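Chain nomenclature is as follows: A, B and C, assigned in order of appearance, with residue numbering initiated at 1 for each chain independently.
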Amino acid sequence: MGGYGDIQMIDENGLRVDGRGPGDLRPVSIETGVIPVADGSARVIWGTNHAVAAVYGPMEAHPRKIQRQDRAVLDVRYNMAPFSTPDRMRPGFNRRSREIGKVTADALESVVLLEMYPRSKIRVEIEILTAEAGTRCVGLTAASVALAHAGIPMTDMVVSVASGKINDVVVCDLNKEEDNYGDADLPMGILPNSGELVFLQMDGDLSPAEFQEAWDYNMEAAMVVHQIMVDALKGGDA
Amino acid sequence: MKDGRVARPDNMSVSNDADGPRNIGRASLLVAPGEDLGESEGHEAGHGVLELDGRLRATKHGRVNENGTEIAIEPLRTAYIPRPSDLVIGYVEGCTNNIWFIDIGAPFNAILPMSLGPGKAAFGGTRSLMDIGEAVLCRVQEVEETHSSVVTMKGMGLRKIRSGNIEQVDPHLLGRLIGKGGKALRQLKEDTDCRIIVADNGRVWIDGEFDGIVAARNQINAMSDDAKSTGVDA
Amino acid sequence: MGIPLVPQLLRAHLAELAENDQRHDGRARWESRDTELEIGILRNAEGSAKVRMGDTIVYAGVKFQIMTPYPDRPNQGGLMCSAEIRPVAGRNWEPGPPSPESIELGRVVDRGIRESGCIDVDNLCIIPGEKAWQVILDLFAISDDGNLFDAFALAGIAALNSAMLPEARFEMSDSDRPLPVSKTPIMCSYHKVGGRFVYDADGKEELGGDERIHITLGDDGHVHSLQKGLKGIFTENEFAEIMEHAQSRCKELRELVLETEEAD
């Protein structure tokens, strides 16, 4: 998080660098069945973010040491393709990706009915092809749709979005400049039918009132994205 | 979650009811996981449905089926989960001295013990009786709580599959393949002059003359494609 | 990579199909699957392409970096090809370090492009002895239903062909200019299925098939690279048949690459 308060990212009319108002979501489109060989798959285009997710399983959990006798485990990988960022990302072990994989798995394990498949694993593969802020949210959202597409039972789908603050204005769904130079970033993973949370992180500086505003923006945006997810599932495969 | 009925190919599109298939003619509601299905009062949660705080909720992506008081989801895509007495087509993936491990397309491989196998051999002679990569028609004998199963070849018609071809069909299309009262399958067998066995794990064995096998495969693919494009699938 | 089970019945069936001059999906012996090529689809890459062949889907991205030339080659830049088949692409692609299969894939595709000389590394100099362009081609599979070789090779050359040197972004000039690519090498791969070679094998044919041959041809029909993979033997006649098909198919695919670039 920057705290580069000098960079003006919102003008006197309340318009952001990409023309959005403070409460506006970037355009989101979702398709299912984009990876034909997978058990379930989805593509999410969110602003200029482009992510795909594939689900394989349930299958026998190998290696044995990750197996749990009473339930399935989610084996989640989050990865950014080398060409996803302006500066090439070297393939290979990446701590940030490892962390995101873990918190994504934690979020999804809160909704997937894991007890139905003891000793199994369900693989979730998230690949970011083009990155432009909020990739962990895009990835988690894509993974939810892919799991639903694969017929994996869940109590709800997870919708994830990040709001924050730029130039002392709370805004919904940070874009790249706002994420880099803004003052706060609050990504959340929301269950649309209950408003409960399965994923929560925060960086930066928000007053209690600002925090509430960002929280509310995320909740509202989640409802919109959720409808897009449902429409994608009901609309049939790509 | 209450272990409701597992999605099974033979009760998806073809009803057990004497009156015929239940949902034909009415577009069944397509739901996503998390969707509310109404009050739980007076209803039972079937496959893919959860009861939470007095309401019924869909946990799978699929079509809602009402079967009396039971509300269940017929998933659009599903993994095969074995049940006792299922007829399955499997491939030998490995073996030990007296057990074969059979891939039946389920999360876990099935176990075929020598005593339930194709014949008798000395301890250690498993591969000479049935080798890795061979295909077999067998029946699920029992399923333990973690869904790994024991299969048997002792039973009418169960045997090694030595000829012909095995196709894979999405489990939820098997009902369509078989047809009302088995009509579509009978027609297919006649048209192609082939022996066709539809197993519960989504695998179909086709045996006969080469041209018949190819014709049967083409018809099955056509049925799958048709189902996808006319929206039966979505 | 997880070793998939090869059903004996599949091999027997593929052999019978071959004897009857048929393939399991109804294609003719030298027929390819539906092939789609798109370029410029990855916003953060300086050149990009997406190829779909049947259910095999791959992306290629070109990124540029500034490198310091080697002391003994002060005017030379570099070309690096990297191929990744991550677990996203299929049930049998397991997480972990690159498997021998994926390493071979990357290297075979790299050779096809490099040996053609389509990228002149002597032409990538910025400041002699100090700075030169390094061209990095990343090949990325998201769905594997067979013949990743040809999909990667096609996406790779299409991405290179449409790549722009980011001279403006690196403040070397007012605008970006196209990466000079002097020719369009194309790879065609053949798998022995049921006892005979076929073109563009899909996942099932690869599973039940045997050895394979990869041929990269340049604009003038010149041979730029060859690779025979897996165990098995083939005859001079079989090779001649394959080469004949490759000559015409490579030409078709080359036209596809060039047309797609023009239309953009």
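Throughout what follows, a contact is a pair of C-beta atoms (placed from the backbone, for glycine too) under 8 Å apart; a residue touches a chain by one contact, two chains touch by 3 or more.
Because the structure is predicted, anything quoted here is derived from the model rather than measured.
Common partners of chain A and chain B, by the touch rule above, are C.
Of the two chain pairs considered here, A-C and B-C, the higher C-beta contact count falls to A-C. Rounded to a whole number, the gap between the C-alpha centres of chain A and chain B is 34 angstrom. Chain A and chain C have Cα centroids lying 32 Å from one another. Centre to centre, using the average C-alpha position, chain B and chain C are separated by 38 Å.
Shared contact sites, meaning residues of chain A that touch two or more other chains, fall at 59. Those residues of chain A lying in contact with chain B across their complex are 39-40, 57-60, 69, 113, 115-120, 147-157, 191-193, 229-230, 233-237.
Residues 91, 93, 103, 131-135, 161, 163-166, 210, 213-214, 217-218 of chain B are the ones that touch chain C when the two sit in their complex.
Listing the residues of chain B that touch chain A in their complex gives 1, 30, 32-36, 48, 50, 52, 57, 59-62, 75-79, 107-109, 145-148, 228, 231, 233-234. Residues of chain C touching chain B in their complex: 5-10, 12-13, 16-17, 20, 22, 24, 26. Per the touch definition, chain A reaches chain C in the complex via residues 34-38, 48, 50, 52-54, 56, 59, 75, 77, 79, 81-86, 88, 91, 123, 125-127, 129-132.
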